[in-house]
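Common to both upcoming complexes is subunit A, partnered first by subunit B, then by subunit C.
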Partner chain A sequence: MNVDFSLLIPEFILAGAGFLVLLVDLLVPKAQEHRRNVVTAATAVLGLAVTGIVAIATQIDTGERLYDGLLFIDRYALLFKVLFAGIGIAVIVMSVDYVADKMRHPGEYYALIVFAVLGATLMAESGELLTAFISIELLSFSLYVLVGLSRGDARTAEASAKYILLGAISTAIMLYGISQLFGALGTTRFTEMGPLLTGAGGWNLTLITGFVMFVAGLGFKLSMVPFHMWAPDVYEGAPTPITALIATLSKAAAIALLLRFLAEAGSGSVNEWRMPLAVLAAATMIIGSLSALPQTNIKRLLAYSSIAQIGFILVGIVPNTVIGANAVLLHVIGYAFTNLAAFTVVVVIELKLGKESVADFAGLSKRAPVLAMIMTGALFSLAGLPIFAGFLTKFYLFTSAVDKSLEWLVVIAVATSVISLYYYIRVIREMYITETEDGSKLPVPLLLAGLAWVMFAGTIAVGTYPQPFVDATNAAATVLTPWIGL
Partner chain B sequence: MSYFERHVLETLIYLPMLAALILVFIPRPQKSLIQGISIASGLALLIMSLYAFIAFDYDGGARFQLQRSYPWLDQLGIAFALGIDGIAAPMVLLTGIVSLAGTIVAANIQRDNKDYYILLFLLIAGVYGTFVSMDLFFFFFFYELAIVPMYLLIGVWGSSSKFKDFDRPKEYGALKLVMMIVAASLLIWVVIIGIYVESGTGSFNIETIMATIDQPGRFSETFQSVMFLMTMVGFGLLAGMWPFHSWSPDGHVAAPTSVSMLHAGVLMKLGGFGIIRIGVMLLPDGLREWALLLFIIGTINVIYGAVSALAQHDLKYVIGYSSVSHMGYVFMGIASMTAVGLTGATLQMFAHGIMTALFFTIVGGIYERTHTRDTLVLNGLASKMKWGTAFFVIAGLASLGLPGLAGFVAELLVFIGAFQTQPILGALGVLGAAITAVYILRLVGRTFYGERDKKWDNLTDLTPREFIAATVLLVPLFYVGLYPQPLLRVIRPGVDAVLAGLGA
Partner chain C sequence: MSLELVDFQILAAALFCLGLYGVLARRSAVMVLMAVELMLNAVNINLIAFSAFRPVSSMITGQVIVIFVITVAAAEVGLALAVIMRLYRRRGTVNVDEIDLMKG
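On to the complex of A and B.
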């Protein structure tokens, strides 16, 4: 076995950066809390930035398989590698003020974010079930700890316990599914599974349980209905930047893995899984949108809204086409910008007001006009309105589904879009229309203001000048062409 | 083509966006600077619109003119393609006129006029974009862009009303309007994606798609039939189509004056325009199938709107229902599928846009002075508001179709078209015009003439600003009424091309 380790330089840098953060944390004296926080954060950001730059600089046009097909280093993985590094940086920048205010262990906190990014990156690269499983575990364990890292808060403890317990169960289910698949097919590599799944014998019970359980395990990470119950509680209880991390990084990584798995292993048997997955997509959209309606806590609202968003993404996965994959990747990018913008605003509100219910947004247009504008933009983007990313990416997703005679799914998607507008508009109404007595200006930390602007600009950029983004997603989606149709 | 000609259409979209962007960087307290920039931009928009209208070659030119196309998203076949035909050209002109009048009237806004103008210009950019887009994706993009700012414009700067039996808080009007229009627009979303996929061209360009309609295997009759019905409801709702019209009066009652002007003046026209652009041009078989239904609904609109206006005594409700009634003529004209009727429908959109904006200018002025719109309370304003009365009466006369004003030409053409195909429904339409005369004259008689209440002794006439805004609207109303040729000869090639597509 001949492995070209140079292809893995970005991953080595990422792992090294994680340990470096821990080391730096030890070197700065305990008493200097503030300094420790800033230095470790800066180290982590630097590590992620270098990873992203090196990944782009060392990119290769061909797809390489390492370790006999366990890892794929290709344009598909590259897209996610850069995206994940970006998300990691954004979340760390979002965290600096938050950690100073509410957390005890900055070093561990930032290091775990870096390890989560590493896990997510490996998920996008893995071409084999067990590698995928270990990557998922690396991501999940980092997140389990991060969710519970906040200073004594009952909600945090509950969220953490719930996340670990349900996560462990889903892991067990997934592992059992993998064993079934291996038992039935004798291989765990996606590309080798593909032809076997289409085999003449058809799908026997072992194969079906294996396939369903593996996808169900991923469905838990995605908060796909009916595996979505954990999301609102965890979103609410976790430290807000970590909520943002779960909403963007963990979801995107699971999408990356699911899309690759279904394309490389499942393309031949697409007729077996298309309809069930389409039904789940529809259920995810409907339940996500309807459950969001009565929510009064902004983080719970965003949790349900992200469930609905997963439904939209599945609309692009179901057709199993390149155009669909393209749409999914573009939506993931636009969705990351949008969500990070929204969560940055939530972090500011939480830091300054100590609360995060929808009613706390009242009068924000007077108290912090820029934040109100950015939040409005982010919510309109989630609702799929122009000039923001959500408009184009949803349009793209729905177009790809109509191509494969899934009109009914598009009609449901479109209908849930209207429902979603209603609950997003409630937040906007609080910010702009509700009058408040307290009209004092909110001081916005410079770092968070800058981050919010960058994410806002990204949201608009995807929505108005998408060609560079689509070029990147197209290069990534093309990697899947040997398996899926146009 | 001169440089100017090549870029005029995109300028119409970029200019309001640029104005909005400049306003972002002007400090809030600089109110008069903000007004100045906004009104100057409004004027520039009118000049550009006039230029585009005049540059349109009505005599043997191409169907879509002043075309520009920039690649935008190749993978999906979306291009930023612009161009106007004979139906879009008058709409561009209309938008220019109403935008200028609207930006002038909006100068009355005291609270946060910066944010107000930013949203107003985004709305204007959306309207222009919809009229000049030749790419269905951008057509829809700008269509939605025009709707989104409405929520905040009405919700923040609107006014809540209390009536005897019910309340209409401004949030209600804003939410109802936006939710209903967005819900309807999603039908259009489905239609656009459907047309794109079914045409098999891999392009969203209207001309490219039109070339494939007649090819066998494309756009089957069932497909066109279903899609047309969705188009009709989706766009019809924005045009105030019965029974989906209820957002319109409620929205107008809540909206601030300049938003009402732009909304009734141009935004509702997007609905009629959309039915022609997508329904008639791309789904001709669908129109043939549903023409009678559209005709009947149009007639109901005319009668129902007029009768409802008769029952109202709030000025904005009267005008709101009168808009519902007048948009009915647009549906009738389209459904007649005759050259005269379609010309009338297009002209009616233009005429109604102008007259209703004029109505709202005056009604807004009255409301700002008296803080009521109740015609039972308002009496004898004429002796105090001479100019206001004059403008209102002229708008009223245009509305009831007095010869010499724009409304007459438009309605006459619609009636001729209607009598050629559905004489009975056409006759009912004329009846609607008669009811219009009743409620308009009654309204004018009660509110402006008659004995003046002591309360209104200190009433002042129009401010110079309001006067100028009203004049901007008055000129085209007379011009088109007395000499409609310039408009008709531009509309004509557009209508002929549409009819050729219909095979009539």
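On to the complex of A and C.
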């Protein structure tokens, strides 16, 4: 059994950073609100940055299994580790002005973000059902609290109550699935489950309920139809940077776990689950896109748009090939850049105008031309227009599905992309065409402007010069080759 | 008559469905939480039964999972009750039908 603790150094740093933020919060005098906010945020960013750098420096060539296959420290986990650290840093930078304006406890806020990143990292590494479950809970518990942490707004209390109640139900369903899988197979390790799950011959009621309920539990975290009902309410009620965290970190972590689980445990029985998952993917895309049409709140609109995006990602998971996995990983990266850019703009609007409906974007092209341009770029990327990340990554996703003759799924995906263009353009029309009485310039905080620029540059980089990203996702997807075909 | 594995499976499934019914039918957030506890206990019965009827080598896994489930469930209830309390202070109700500021 491999118990080389040095492989877990990035996780130790991450956990330590979380507690350090709490400690630093205690050391700065209570009266100095602003200083406490900045110092705790800087500590958290530093911890996340060190984690990412240490992970890249020490684990670029490792392909180890810790504790007899409980945790995989490989290129796949490394990609997500670095991505999650990056998302964590972006969300914290996005939060500094927001926290100063609306929160009372900066220390707890930043520490919980670090713990959420730790949970997400462990999800991408876990190769066993119980480990996966514990990591999911670490991520979810952090998010439950973060959603309800803002003061003043009555919607936050409601959002966090809805989130935790529905989350608890999904946890129970997932656990029942885990117990059934364990009962039917006698093991909880993905790689040992794989051979036992081969072909339809061994499938009995226990196994089917187990498999379906485990995937359903993950589907809740992904906001996959029909488990998507919580997403719009939680997105709207949560503090906006936390909405960005849920949209990127929690979704990407669930994708990481689902992709690994289906590849390592499910590959032998791919013919059994391919069709049901394809139908769910189609339903997710259709319902996500159509429900977004009448939305007037930008956060709700982005919530439905992210549901549709999950449908697109599932299109790449359904084929169960390395090409598909590669496309999924690339899309997750592009999607993270795009969404963080969009949410940064929403945070500025919310801070400066105090509202976040689509109509509040009116005349933004005059009031803050740079923000309007970045928002337009992000929305075009979400819709999948060229030179932005969304076009290229969607192209890869759809190609991988065609390889397995799932043309009908691709037709639905393209059609829903066109529908989604309609509601994205509605926002763009507000920004560029609708006139407003109040034409005064919006002062954009320096930190948020810088973050928006970086995320915008990332969106364009993935779309125009994807080689470095493709190299990284290729190395990560190759880890899955022993189980899945090209 | 001795009890077979399938008897425990049926018991667990029945308890789980009872919990699921409670989740869907109860209007008070606290009662919904208690129904979720019922579902989690069904999971525990399931795991213990599978462990007991399995060969010794994999027995321990099921029992270890149960310990974790109990711990996580306790933490979850603590957190959920705190959130519900906050909701009650703000809105004066814990009825899930009346928590409807956001729609669409």
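As a convention for this text, the second predicted complex is superposed on the first by the 478 of 486 C-alpha atoms of A that agree within 3 Å, B and C clash if a C-alpha of one lies under 4 Å from a C-alpha of the other, contacts with A are read in each partner's own complex, and residues count from 1 in each chain.
As a working rule, a contact is a pair of C-beta atoms (placed from the backbone, for glycine too) under 8 Å apart; a residue touches a chain by one contact, two chains touch by 3 or more.
Model, not experiment: these values are computed from the prediction.
**Student:** Specify the outcome, clash or fit, for subunit B and subunit C once both structures are aligned onto subunit A.
**Tutor:** fit
**Student:** With both complexes overlaid on chain A, does A:Glu158 touch subunit B (first), subunit C (second), both or neither?
**Tutor:** So A:Glu158 only meets subunit C here.
**Student:** Quick check on the superposed pair: does A:Ala415 touch subunit B, subunit C, both, or neither? Answer first, second, both or neither.
**Tutor:** It touches subunit B, and subunit C stays clear.
**Student:** Put down the vertex angle at subunit A formed with subunit B and subunit C, C-alpha centres only, nearest 10°.
**Tutor:** 140
**Student:** With both complexes superposed on chain A, which partner does A:Ile425 reach: first (subunit B), second (subunit C), both or neither?
**Tutor:** first
**Student:** Would you sort A:Pro294 into first (subunit B), second (subunit C), both or neither based on which partner it touches?
**Tutor:** second
**Student:** Look at A:Ala15 in the shared chain and tell me whether it touches subunit B only, subunit C only, both, or neither; answer first, second, both or neither.
**Tutor:** Neither partner.
**Student:** Classify the contacts of A:Val402 with the two partner chains as first (subunit B alone), second (subunit C alone), both, or neither.
**Tutor:** It touches subunit B, and subunit C stays clear.
**Student:** Working from the superposed arrangement, determine the closest approach of subunit B to subunit C, counting only CA atoms, in whole Å.
**Tutor:** Least C-alpha distance after superposition: 25 Å.
**Student:** Which of the residues in subunit B come into contact with subunit A in the complex?
**Tutor:** 71-76, 115, 137, 140-142, 144-145, 148, 151-152, 155-156, 170-171, 174-175, 178-179, 182-183, 186, 189-190, 193-194, 196-197
**Student:** Quick one: in the complex, what on subunit C touches subunit A?
**Tutor:** For subunit C paired with subunit A, touching residues are 9, 12, 16, 19, 23, 29, 32-33, 36, 39-40, 42-43, 46-47, 49-50, 54-55, 58, 61-62, 64-65, 68-69, 72, 75-76, 79-80, 83-84, 86-87, 90-91, 96, 99, 101-102, 104.
**Student:** Which of the residues in subunit A come into contact with subunit B in the complex?
**Tutor:** Its residues touching subunit B are 323, 326, 365, 369, 380, 385-387, 391-392, 395-396, 398-399, 402-403, 407, 410-411, 414-415, 417-418, 421-422, 425, 428-429, 432-433, 466-467, 470, 474.
**Student:** Any idea which subunit A residues touch subunit C in the complex?
**Tutor:** Counting only subunit A, the residues touching subunit C are 130, 133-134, 137, 141, 144-145, 148, 154-155, 157-162, 164-165, 168-169, 171-173, 175-176, 178-180, 182-183, 186-188, 206, 232-233, 236-237, 294-295, 297, 300.
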